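This is the structure I have questions about; it appears just below.
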Amino acid sequence: MIHQLITDVDGVMTDGKFFYTESGKIMKQFGPHDNDGIKMLRVHGIKTHAITADERGFLITKKRLDDIGVPLTLVSENYRLNFIETNFGFQYTAFVGDGFYDFECLSKCQIGYAPKNATEHAKNHADHIIPCNGGEGVLLYVALDILQRENYETNT
Amino acid sequence: MIHQLITDVDGVMTDGKFFYTESGKIMKQFGPHDNDGIKMLRVHGIKTHAITADERGFLITKKRLDDIGVPLTLVSENYRLNFIETNFGFQYTAFVGDGFYDFECLSKCQIGYAPKNATEHAKNHADHIIPCNGGEGVLLYVALDILQRENYETNT
Amino acid sequence: MIHQLITDVDGVMTDGKFFYTESGKIMKQFGPHDNDGIKMLRVHGIKTHAITADERGFLITKKRLDDIGVPLTLVSENYRLNFIETNFGFQYTAFVGDGFYDFECLSKCQIGYAPKNATEHAKNHADHIIPCNGGEGVLLYVALDILQRENYETNT
Amino acid sequence: MIHQLITDVDGVMTDGKFFYTESGKIMKQFGPHDNDGIKMLRVHGIKTHAITADERGFLITKKRLDDIGVPLTLVSENYRLNFIETNFGFQYTAFVGDGFYDFECLSKCQIGYAPKNATEHAKNHADHIIPCNGGEGVLLYVALDILQRENYETNT
């Protein structure tokens, strides 16, 4: 049983890339279908919480997450595991991550998901590999998988 | 016989991705060849009408569709099926969509097309899968398929 | 023997995509390696001339082509074949194009090249398919192919 | 034994593409995971130095490299080999490059790495092909490979 989904942003809801001008990091590219997945989970009482280690791009990420009503916390990579344990616990928690240092969260949380193009290290520690790349709708497939495990209908 | 093509925009005429700065959603990336397909259909009297559920990006989408002379209506996902039935009817109507909730329109319209990288759910309900991704010329291949069925020449 | 290379821009030197804000078409994404190919040809006396049918994006395209010293002419798709015949002739001319309506130029010019992700119609009329997509260095591979046919050294 | 990593930027830390408006080259897209690799090497005393031949995009590149604390030098393609020999020597030096003219550096440096989507010429002269494209985390895989050869732990 899953109570909450904790998700990394860059590499999950984006393709991990970011745009620089001479002024610095100014833009990110978000993908389709994620919001459909988040809304499906919400209907069934499963909350989504996003975390990011990207301090320079934080306000960009925050704007997107605010637009779709998902809380976001800036958490450095070293503190990520502790943050989840303290605020949510590992049981009843699904985690989605793609980076090298996500492996502990992927292992410890009840279910760990990695996008198809995650680092090899993340994929080796995930319970399930999502069949699309970051930024191509990962959270829709995560939501469908969670709801299927819980035997919820998904209006299909 | 097809009288009109109704097409979703994001994920069909774009790759579904959109760009955020700290100010919000500011940019989309449109693809090649779609306008060639729309013009081919127009020559044969088949009109194209675009619909979108993306309220935040509406003015961006509107600017592009205005530039190529295609009418655009903002229609929420829940009202999409009703919008097509009321304004066009399902018969003589071809529909192109990629999202999870497009499945009903894809089923009910006379022909339903989904891009190669549409959600599995959309592809399962489409009559034809277009051999390219959203934003890579989907509407050209849709137009060629429609005209071939109608036995029109396409100047080749 | 090749005297000049005529190249389309969008879909050859870019991936064919273009960026819209609420203000309209504002940006294109050019790719690597093309300039290396153009410089190789220049060393051997083979000139490159670019053509585009994209009126709205013309000043963007012009800025890039100016930066690398390649002349650019705005030519509508219908007039493209005539433009090449009048200004260059088909003999001694290599052409690179990806769009549906490039098929005549690809057929008539001495050598016709199409990128790997060109429309099926363009690829069916090209003499050679370049083993990379538009925007990924097509003109480098075109240049290497032209120089190999002419038995020039390419500093390898 | 490797003392320093010299890396090209465009096509290694980016996908090689760059963005033009009517004002010229204004933006580049950097990728994920590279900074994780650079930090891993730094912990083990291996320095990273970036070189670029892109004069027009130099201030964009400089901003990104400053943000992650990696020195950057503008070096034209012809002077690249000489620059490495003079400042670092070829022994104890790993090099990453993707372009046609990187072949000499890839051959002469102790280890030469090329991304999966490098030019054929670069890949033919590299010691190792990295299993991802430029802009998708090349430097993480380079770092893991270097540290594995040196038998360092990578916290896994």
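Letters A, B, C and D mark the chains as written, and numbering starts fresh at 1 in each.
Simple rule for what comes next: a residue touches a chain if its C-beta (ideal position, glycine included) is under 8 Å from a C-beta of that chain, and two chains touch if they have at least 3 such contacts.
Remember, it's a predicted structure, so these values are computed and weren't measured experimentally.
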item: Partner chains that subunit C and subunit D have in common; value: none
item: Fraction-based call for subunit D against subunit A, same above half, different below; value: different
item: Longest centre-to-centre distance from subunit A, chain (CA-based); value: C
item: Chain centre separation in whole Å, for subunit D relative to subunit A (CA means); value: 29
item: Inter-chain centre distance, subunit A versus subunit C - centres from mean C-alpha coordinates, in Å; value: 41
item: Multi-chain contact sites of subunit C, meaning residues that touch two or more partners; value: 19, 26-27
item: Pairwise touch network: line, ring, star, complete, or other; value: ring
item: Residues of subunit C touching subunit B in the complex; value: 10-11, 16-27, 56, 98-101, 103, 117, 119, 121
item: Residues of subunit A defined as touching subunit B within the complex; value: 15, 19, 26-33, 36, 59-60, 63-64, 67, 135-137, 140, 156
